[in-house]
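For reference, chains read A, B, C and D in written order, and residue numbers begin at 1 within each chain.
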Amino acid sequence: MSSSEDRAVNAFREQIDGPIASYLSSCVHCGLCAHACLFYTETEDPRYTPINKVEPLRRVWKSEYTFFGKLASMLGLAKKVTDDLLKEWEPLIYDACTLCGRCSMVCPVGNDISYMIRKTREGMVAAGYAPDGLKGATQRAVTIGSPMGVKFPALQVQIHNVEKETGLRVPVDVHGADYMALLSSMEIMNFPEYIGALVKIFDKAGVSWTLCSEAFEATNSGMQIGSSDLEGELLQRVVDGAESLGVKYVISPECGHAYYALRWEGPNVLGKKYPFQVIHILELLDQLRLKGKLKVEDKVDEKLTFHDPCQIVRKGGVVEEPRSLLSLVASDFVEMEDAGVMNWCCGAGGGVSANERAQPLKLAAFKRKKSQLEALGVGTMVTACANCRINMEEGLEENNMQIEVIGLTETLADHLA
Amino acid sequence: MTRDTEQVRQPGICFGRDRGNDRPVLTELYHALQALKRCGKETVIDIKSLPFGSIDEQRLAEFLGKGEVEAVLHALGESRITETAFPGIWWIEHRNEHGEITAKSIEVAYIPGILKSQRDDVAAACRRLGSLVQLADPDGEPGSIET
Amino acid sequence: MGSALEQNLRAITIADRLRAEGISRRGFLKFCASTASLMALSPAMVPAIARALENARRPSVIWLSFQECTGCTESLTRSHSPSIENLILEQVSLDYHHTLQAASGEAAELAREMAMQENQGKYLLVVDGSIPVKDGGVYSTIAGITNVDMLNEVAAGAAAIIAVGSCAAFGGIGHARPNPTGAMPVSEIVTDKPIVNVSGCPPIPTVITGVLAHFLTFNKLPELDELGRPLTFFGQSIHDRCYRRPFYDKGLFAESFDDEGARKGWCLYRLGCKGPATYNACATTKWNQGTSFPIEAGHPCLGCAEPDFWDMGSFYRALSIPTEDTTRTLVYGVGTGAVLGAAAAAMARSRKSKAKALHYKVSVSDLEESS
Amino acid sequence: MTSVEFLAWVRGPMFQIAVAIFVVGVVIRLIEIFALGRKADLSKPRGGETMPGIKTIVRRSIPDPGTFKRSPFTIVLGYLFHIGLFITILFFVPHIELFHDVLGLQWPGLPTPLVDAVAIISIFAMLAILANRLRNPVLRFLSNGEDYLVWAATLLPLVTGYFAFHRMLFPYQTMLGLHILSVEILLILFPFTKLMHFFTSFIARWYNGAAFGRRGVQS
């Protein structure tokens, strides 16, 4: 298995399962998925039609997992997976897909296309066809511990600042705590107020929690680049940290793909069930609200809206919690068009934000969010994903739009009773 | 017990009701009559070639009714040529010596061709009459006979 | 002996004969109108028919009956105590018909041979019944001559052949599977003569006489369809001319012989009516002095005027039903598919587990930037 | 071959050959899908799989409003053609006789003029579908030979059936024979082409609904 083609084909063979076979058998080339994908709607380039992105995977399925395709390939009629194909498809699979899953919601025959693109990435990365930016981020995540190269000392500095600011202690490596909180390196570097918010809310609510010095990073570039091997390696650190501290719950931070990797892919990638439960911070906050442990003293008065992070809402199932929490803290909350499970991606998920090559495309895709926001005329947008947040700040600045983007957890913390 | 005769319907009569295979014929006759009026064009419809159930023909005949003329032709059996209640539409039935129908048609004409005396028969008649009254002149007009 | 007189009689035209019988021109026109109706020709054709009959001469006819049931002859002779048909028949000289003629034995065969000699190349040959050809044709012989031989011999001198009935036209019941006698239609044995197929089991008598009338009138055979049948009678299907057609169009069907629909005279398609695929004149010409025809009597059309109608599945199953047992094919298909599918699935699974065994573990070293 | 021999052949042996290829092929393909199966999901579910799976099977027949707004043409044509095709296949009385014979199941038919009108609508929808496929940039990009082949194979039974019913073009036996043959071509192509979506889309929808359902989202 020396050649890159062989590595890709073998990985595809491993990934193809019943659902994929049923999806690929069902596609009628109706083209409706194109209109669900913001990379198509904002560029009108038909190559970005979601189902087209799984072509390399489809070829292996067709020629190796169907009786008739096998016959055809014995006659030399099958289309083969070649380096040229993989090279041509790499930008379609990595630059023009955020794994947002919107196409999977509209396909009339029921194809879960984003599931297939995620599987296709396994073969791409095995063959070495992945964008440099994402390769670098993954490398840093595996070797240093964070895609942004953040190590524990850097976190310690932020903890120190938060403690000084809030006058509260940030628990680290507390054995037997109920909850172990994870962070994304973007939160550590760009939005440390998230850590402050956690301390304040948990202190008020009396939550027993801790950070783990061995496993504080929640993001998972391994999943974004599409390697289960590397994804598992990163997840194992979290599992080890949680097991060593003996916590009951691991809290996923306001970061979409981290939640998806930890909550939904993790046990399958590692091949075993967790000895703890994974909970998203918004789920936990909503539980506290229901128990009456989360109270606010005042509300945000200005008109605001909420951007649904794909991996948390559509693909994660945390749909109602952010809305309940917002109604607690905002007096003029408006939904944008297609809000909830059909919302449009910010354009930077699925590793696109780490992929410099995809920058122009990412900005083009942002036009969708721009027009959604313009239709609403809001001054503030709340979200619950550091990656969405940083991308939207960038996009808004590029488009000279005066809209403030804030995290939901901090907003709650700021108005805590 | 029974209120009316509906109970003992004859199959033919009861399914005649909604069949309506005679309707198109009436339309055709209307157009044929117009053509006759406009330019004297005559039309003949062979009734035996129409897809009629047992009731359709009867219904058509009843609809057309009987008019002022009814002629009987005696040649190779009896033929009945009847003008319907719609002048210009003639109902023609040819029968053989056994009284069985051999042809049946509707003719749209001022007078059906078969009613006219035929040239051959007129010639034969002329010869016969001529020999009876002993007029040698083959072109002699009947009017020239002196009484 | 009397053949000189006979020759003379044949020399005069049909119109002359009628005139000699004291029939007026009007009567002649009526005869022509009836003939047109008989031939299912448009009334507009009457003048042309009159003109043709002015000159038509009396042909000799030889009628050969082979592997048959005499139903065709019965149909013809027992039709309306023949009137116009009779007139037509009187205009032909039926020189040989082994059921109808008085002569028997050698005298009968002699009559046939004489008629053939005297009218060499001009006589009309009518055939009913199929011709068995298996084992040298021994399954049916007349006067020690096999049907095949007799057909070939008589056909050689014929001007044209009329194959009367589905047996002569298409092989009929003799030709039905498994066809033990190797029965064949006339058209498969005689290939160098014009043949008209008047199919039907039995054929409509007026259709037989209509074809004779056509030959008599125009001295040629009528226009034929691809199965050699006269278009004037076989140009439209039973369904096309059926008075129950409006029920088909409306979707009203009898579903059994004694249900509401059957009583109301609805379409018999579901009871197996083959009318849509059967070309014949029953629906307009009708049977028994024009009284009725099978569908009018409440029975589906069997399709008897079509080739191999015996082998087209049950008479009582709809035309849209395949003639073979599809359920069996379906069951065997599922079984075969399951076996092949299981084999294909086993191959796929082994391919997948082999791929898993060959799994290439992606490591950091694979993430070297490509540039 | 005369039209009668042709009709006898398509109603007889050819129909069985077509049905055999269809059944064997479809069964192979379905077994292939089910045999590949899916690994047990070890993540802790938020919701069930079965009910959301069933719901998705139903819901995917109804487009979400946003998608409808963006491609109304594709969706309306798709609806017209699919519904029309099902009505003509399932509710034309001669077809019901066929199903009754093969499957032993029977149901009431629809009035023939209605089926006739529906067939016309389906035929025009099919023509519009082709125009759409040739005109729309995404569809043109995605389409391959198979798409056009399947389009033609689906249209032919409709057109030949329409002609046969109205006794157009050829004598009825020939036209009926062509109609049955076109259906046989469709049956034969079925397991080798995207026509399989007739069966597999239900499986696909179920898998999709189940995958989203266990994460707490109704897809």
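The rule we apply is simple: contacts are C-beta pairs under 8 Å (C-beta built on N, C-alpha and C of every residue); 3 or more make two chains touch, one makes a residue touch a chain.
Worth saying up front: this structure is predicted, and the values here are computed from it rather than measured.
> Minimal path length between chain B and chain C through chains that touch?
So the least number of steps between the two chains is 1.
> Using only alpha carbons, which chain's centroid is the nearest to the whole structure's centroid?
It is chain D that sits nearest the middle.
> Higher C-beta contact count, C-D or A-C?
C-D
> CA centre of chain C versus CA centre of chain D: separation in Å?
39
> I'd like the Å distance between the centres of chain A and chain C, where a centre is the mean of that chain's Cα atoms.
Taking the average C-alpha coordinate of chain A and of chain C, the gap between them is 76 Å.
> Just curious, how far off is chain B from chain A if you go by their C-alpha centres, in Å?
Distance between chain centres: 92 Å.
> How many angstrom lie between the CA centroids of chain B and chain D, rounded to a whole number?
58
> Two or more other chains touching the same residue: where does that happen in chain A?
16, 65-67
> Provide the list of chain B residues touching at least two other chains, using ranges where the numbers run on.
Residue numbers touching two or more other chains: none in chain B.
> What positions in chain D touch 2 or more of the other chains?
25, 28-29, 32, 34-36 - these are the residues of chain D that touch more than one other chain.
> Looking at the whole structure, which two-chain pairs count as touching?
A-C, A-D, B-C, C-D
> Would you mind writing out the residues of chain D in touch with chain C in their complex?
2-5, 7-8, 11-13, 15-16, 19-20, 22-32, 34-36, 93-95, 97-98, 101-104, 109-115, 167, 171-173, 176
> Sort out for me which residues of chain C touch chain A in the complex.
Interface residues on the chain C side: 340-341, 344, 347-348, 351-352, 354-356, 358-364, 366-371.
> Which residues of chain A touch chain D once you look at their complex with the stated criterion?
Touching chain D from chain A are residues 16-23, 25-32, 34-36, 40-41, 44, 46-47, 49, 51-52, 65-68, 104-112, 115, 263-268, 271-274, 277-278, 314-319, 337-338, 341-342.
> What residues on chain D touch chain A, complex-wise?
The contact residues of chain D facing chain A are 25, 28-29, 32-39, 41-44, 46-47, 56-57, 60-61, 63-64, 66-67, 70-71, 74-75, 78, 136-144, 147, 191-192, 194, 196-197, 200-209, 211-212, 215-219.
> State the interface residues of chain C toward chain D in the complex, per the touch definition above.
Residue list for chain C touching chain D: 225-227, 237, 239-240, 248-251, 253, 269-270, 276-277, 279, 306-308, 311-313, 317-324, 326-327, 329-330, 332-334, 336-338, 340-342, 344-346, 348-349, 352.
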